[in-house]
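Heads up, the next two complexes both have chain A, just with different partners, chain B and then chain C.
== the complex of A and B ==
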């Protein structure tokens, strides 16, 4: 199975990836192989297909108690390409949207 | 052409927890950038989210308050989109199994009570905050807000105009504050509103295409945005064009809405159940426990106050604005049931508020508890204190641990109201001023001021002026 070009373009846009034409041909094939694999899995009959979790298990909850982490900032920011005045710096993104 | 306006709302309210939804970083506004963002909030590889039980409890509380169904096995989902202040590349939210379903709030309109259906309320984490062009061509990102717990409360498209919208929002805003679910501070973004608007020809059953106006954070702007957007859509439709389904941003400075993204560029969020989080099981016992611990709902309490205390609607509304004030009101009347309810309510809502403002504080944070206020108001009610004396003592109470009676003696504010004591002073004054007394008896009633003045002077200002006047009149007309 091959993924249509417009689907590749759509996924690339959602991921903010710039792809060359060659990339697109390669990815269309790779993603197609993944879909084929999933189709093979889907071909098997599973009694309860909604079972994404063990039905009895539930989410353990955490008491609402703080653990202060302010000493970590400088350490963590050593991993960032750029940080100033405590803020992480990234290229400006024009289209707005924090949800 | 005449149009029906159809509006639905999504409100994001920040939950009043100490820590974030999935990490033990502080959930507090205004800290130094990135000092409340740990590895979980930053989306580091290998970390796992652990759900905050208090957020689940607060969501349950809201659900119970709006008469909704609580999903006893709700689950978290990933909402995927790409943006720098969302470091994981997805927001943990809820999709097909929100925690709260099918509730409602009733609002007062010109045509009577109207029920607004609340489709759902779901838990989700907030994103970080971007400061655009913080440096040339660069944005600065603060992740303190990332992972703070939000409850998104979604209505059915049940509103017909801006007034209904504002009435509902004010009621919901008050409710979440009253129940301690959220501080709902709009300036700090803890109560934000997205408005979905469409128009349809009057009487038609078919909904028109809607536009969504995002993130408006003041009641006035919401009202303006609705008026503006309604006009914009009507103009489009009346000139034969069509409304595009899109997200628009309200610009308060220009009073206009602008397109943020149209449907062609709309995000495809590719929701799926978050494999890091198991279903959130809530037992019936948990729900019952929350129900029992829940304060009386404000609208039920308002009804009870109105039936039991004969207070005006304005005064009741004022009392209920802050749950602590309504609690104080009831405790004071419990300590001394002889106090008139109106006097107590007025003191809580007016006199003590004024003093609180002078101290830049609130009644809740003050040393004035129900017992001290009861004693003060009892002295006032018995006429042992004048109204101005009571105010002086109320102010002194703010900075003292003494009782109102102690302060009254210390500040020499006790009012002379006892008839025997007052009469003995008045008799002396009348005996010492026989001519004025005769003139008064002959009809020169203006001399009353003279006699009251003399009594005040003799009592060093402590005589109760009302009772003094009554007694002088009685003696001189005998």
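== the complex of A and C ==
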């Protein structure tokens, strides 16, 4: 099975991945084989199907209290590719008119 | 030779003053320097920290404040966050990431006074069964340097097998502790889901990921699990189930233990040498007083496809956090925010990670969710019930092969993802059911490559699995076999 290009483009967009043409050729075949493989799930019959997540169904709670520490923020932002005065820097997100 | 000794023997030597933790640590650091250029099992060697921790451990021993693990060296899989030391998860994405905090597992080991030698190599984001998906290059199997060590905890397995460390941590989402343990001839335990906190362990598939020990023997695994296990409120799935004394029950007789051999794990497709080896393990356990019973787990064959729906689905969500903004890799000169996201992720992730993100996105996308994700969840439940029904029918534990083959040559399956995925055919169902399972060395194939036997038990039965494995290891010496490579130098 080969996955059509527009399907690959669609899931790549949803995944925020940019794929080269060569990536797409390789993925069309690989992903096709993977989807044929997992399609067995679709076809498999089980009596009384029930979805479940874990064997313990407890949901622990904790107090809803804010935690603030400038020191912690500074430490965390040492890993930021670009940060200034405690803020993360990214390219402009608001388009400006170039009159 | 120091590195031939077990963790327990090293503990006794430190306690008696035969040598210091600093001498022991220096010995292993020297071995790493001389041998790891060939193996590539370690991404970061933390020599300065190790020497510092060893001195502190020696002081603690002198003060009479040592625990069972004080002064013993350990290698952590590079998936565990380590404060002040790079935590890469085997990815270019985190090549520049220095964690501001320690994972629970790292913290526990540190509090016990263990000495961290470094961070072990792994498949990128724990996605792989051969350790060929690491940004830092493949790991070589010390039993055959042109072969894979298994994955994703391949660096930990190879390092323990080559005696570059007495013990290591690993993580197991679909077999990533047990399969490399089998292929490298060591003992590895995947605990029950919820037994060990996932805090600070970089997530792949959160409902399946679990940390565990990788060591020379079941006894050594028991020593480390004692420290790794326990409740941690920072992981909401971490259990409050009491942690038993794992060492105390190791010596119990296994007389009367009922061991199940699931017929689906011994089909005609299984390599005959591996089948014979597992049957020899069964006979050995029988000679120790256990009884053998054929059982059936009818949903076994559907476990791998169900896993490859659920794990990629979770990974596609978990890895959405890597966007080039707050930490990790960022592309050069992004033209806008979308370009920043897309190029950072495309350049930062390797091919297998991208494949799993895309697969996960596909199965969760509109129109496919019920057919794949919900159905796979139902299969997961059905597989769990299948195991529980066997255990409720007076079976104490199951004995199976760990992997369908021994270590294959590097590059053999890189172009065939399905063949690679099926390397975990005997380990995956355990993760779906959240059960504990252990792989122990059980023999060698014609080429001299290790074969692993897997023991699977009911939830929270780690002590029983370790007991059965320890009794087996008391009467066999497969776990004491060391590859020639480990003794190819004079230290």
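In this text, the second predicted complex is superposed on the first by the 76 of 99 C-alpha atoms of A that agree within 3 Å, B and C clash if a C-alpha of one lies under 4 Å from a C-alpha of the other, contacts with A are read in each partner's own complex, and residues count from 1 in each chain.
Keep this in mind: contacts are C-beta pairs under 8 Å (C-beta built on N, C-alpha and C of every residue); 3 or more make two chains touch, one makes a residue touch a chain.
Bear in mind that the values here come from a model prediction, so they are computed numbers and not experimental data.
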| item | value |
| --- | --- |
| Which superposed partner A:64 touches (first chain B, second chain C, both, neither) | first |
| Which of chain B and chain C A:19 touches, first, second, both or neither | second |
| Contacts of A:34 with chain B and chain C, given as first, second, both or neither | second |
| Partner chain(s) touched by A:92 [first = chain B, second = chain C, both, neither] | both |
| Touching partner for A:1 - first (chain B), second (chain C), both, neither | neither |
| Superposed model, chain A: greater residue contact from chain B or chain C | C |
| Chain B versus chain C as contact partner of A:75, first or second or both or neither | second |
| Set intersection of chain A contacts, chain C complex versus chain B complex | 10, 14-16, 52-53, 59-60, 62, 72, 76, 82, 88, 90-93 |
| For the chain A and chain B complex, residues of the former touching the latter | 10, 14-16, 52-53, 57-70, 72-73, 76-77, 82, 84-93, 95-99 |
| Touching residues (chain side chain B, partner chain A) in the complex | 17-19, 24-26, 31-39, 42, 50-56, 73, 79-86, 91, 127-135, 137-143, 249, 260-261, 265, 267-268, 270, 273, 275, 277-281 |
| Contacting residues of chain A [partner chain C, same complex] | 7-8, 10-12, 14-19, 23, 26-27, 30-31, 33-35, 37-42, 44, 46, 49-56, 59-60, 62, 72, 75-76, 78-82, 88, 90-93 |
| Complex contacts: residues of chain C adjacent to chain A | 96-98, 100, 193-194, 207, 233, 236-237, 239, 299, 302, 304-306, 308-309, 316, 320, 323-330, 334-343, 345-346, 349, 351, 354-355, 357-359, 361-363, 365, 371-372, 374-382, 384, 417-418, 421, 434, 459 |
